[in-house]
Amino acid sequence: MISVAVQYFAILREQRGLAQEKIATTAGTAEALYDELKQRHGFTLPAARIRAAVNDEFVSAAAPLREGDRIVFIPPVAGG
Amino acid sequence: MISVAVQYFAILREQRGLAQEKIATTAGTAEALYDELKQRHGFTLPAARIRAAVNDEFVSAAAPLREGDRIVFIPPVAGG
Amino acid sequence: MFRLSAESFDPAALQRTLGDQRAGACVTFEGWVRDRNEGQPVGSLEYEAYGPLAVKEGERILAEAHGKFPILGAVCIHRVGHLQLGDLAVWVGVTAEHRGAAFDACRYIIDEAKARVPIWKKEHYASGDTAWINCATKGEHAGAEAPPPA
Amino acid sequence: MFRLSAESFDPAALQRTLGDQRAGACVTFEGWVRDRNEGQPVGSLEYEAYGPLAVKEGERILAEAHGKFPILGAVCIHRVGHLQLGDLAVWVGVTAEHRGAAFDACRYIIDEAKARVPIWKKEHYASGDTAWINCATKGEHAGAEAPPPA
């Protein structure tokens, strides 16, 4: 069990109802954590459409999580 | 013999030393008139690199000239 | 320079910062909030950014443009917050000796920024509905699923 | 609208005339007087136009752009007279719903204008020489014979 910080933006922030939270999890990867949170909070976007960032850098879906990481799940972007 | 008005721009204006003149000519086409003027005034640009306009519209090199036409010989352009 | 701005900004002033006597060409792109998307009347827009990564990714895109094209300067500023119809949402300016590189790099920067920089757009429709663009899932606002580039 | 201008003009004001709530994209091109051409230091530039035909041909190019690309507005202004380094020589602005058309049309307009509109450019070099660009004949300023697009 590790403790990580999760930040939410855009549709995920609205579906979660808050912008950040601490999570205790046994998920080993960013993708596994997203799937866990999707179940718990009813996120509509499938994991395949989400990218992840850890400590303000993009990471792969299979990137391992470490104690204290700050994780952002990134919905499909639409700048401009 | 017809009488036409010729206007010069850019390098032709400088080589001719004036911006317009009346010409009495037996030249039947724009190109023939350019060749005549090139001889007379020492224009450096060959006829192949000159376009012609008659009465403010582009014409082909073989366009016939008529009494009173206003002719412009157009050196290679370089806008922008 | 890639920046996010919570306030409206003056593109003419930005363009002056690109002034360079070696430059023969300056190409700019402005993205404006338009009054409809995919046929639906739009009333206003919200942009939200994941700031630190948006700026890093934006700077990476500008560095890529400098590597790919012979350009002299490149700047991109993206608004965040609530924007109204006609507002300037994003500005890209590129200078180069010759125009081909300036056009190509400007296009590259806005294409990549729209695809990669973590910024999200929420449309507020005249109907009162809203939608996060590109974030719809099947059955929900399907029209907003894959909007054309704008 | 295609225009020649004997005086400097404000591109920001021109761009405002293109404002349109249907437009999601505005692309502009500015041609600036740069400090060298083909390796030769340039001190200043003169532009001379055959006014009536330049405006007719410029308007034809804008009409062609409207026919070829789904754009909303297009404007081109070209300076004539004696310009100094850094001065704005030509401005093109195009609006469209989507950016692809705005980029393509802006590029089309400046490419065609440079190739077809009867405007001539005389460069004044630091050396004191001058040359009408594209008008050199063999042996005379051969370097200026076919300058790259700028």
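Chains here go by letter, A, B, C and D, matching the order in which they are written, and residues are numbered from 1 within each.
Assume a contact is a pair of C-beta atoms (placed from the backbone, for glycine too) under 8 Å apart; a residue touches a chain by one contact, two chains touch by 3 or more.
Nothing here was measured: the structure is a model prediction, and the numbers come from that model.
Engineer: Which chains does chain A share as contact partners with chain C?
Structural biologist: Touches both chain A and chain C: nothing.
Engineer: What is the distance, in whole Å, between the centres of chain B and chain D, each centre taken as the mean of its C-alpha atoms?
Structural biologist: About 25 Å, centre to centre.
Engineer: Taking each chain's centre as its mean C-alpha position, how far apart are chain A and chain B in Å?
Structural biologist: About 73 Å, centre to centre.
Engineer: So, what's the distance in Å between the C-alpha centres of chain D and chain A?
Structural biologist: 50
Engineer: Pull out every residue in chain B that's touching 2 or more other chains.
Structural biologist: If we look for residues of chain B contacting two or more partner chains, we find 80.
Engineer: Mark out which residues of chain D touch at least two other chains, giving numbers and ranges.
Structural biologist: 31, 99, 110, 150
Engineer: Could you run through all the chain pairs that touch each other?
Structural biologist: The list of touching pairs comes to A-C, B-D, C-D.
Engineer: Flag every residue of chain D that touches chain C in the complex, lowest number first.
Structural biologist: So the residues of chain D touching chain C come out as 11-12, 15, 19, 21-36, 85-86, 95, 97-100, 102-103, 106-107, 110, 148-150.
Engineer: Which residues of chain A touch chain C once you look at their complex with the stated criterion?
Structural biologist: Touching chain C: residues 7, 9-11, 13-14, 44-46, 53, 56-58, 72, 74-80 of chain A.
Engineer: Would you pull the chain D residues touching chain B in the complex into a rising list?
Structural biologist: Touching chain B: residues 31, 47-50, 52-53, 56-57, 78, 89-90, 110, 113-122, 132-135, 137, 140, 147, 150 of chain D.
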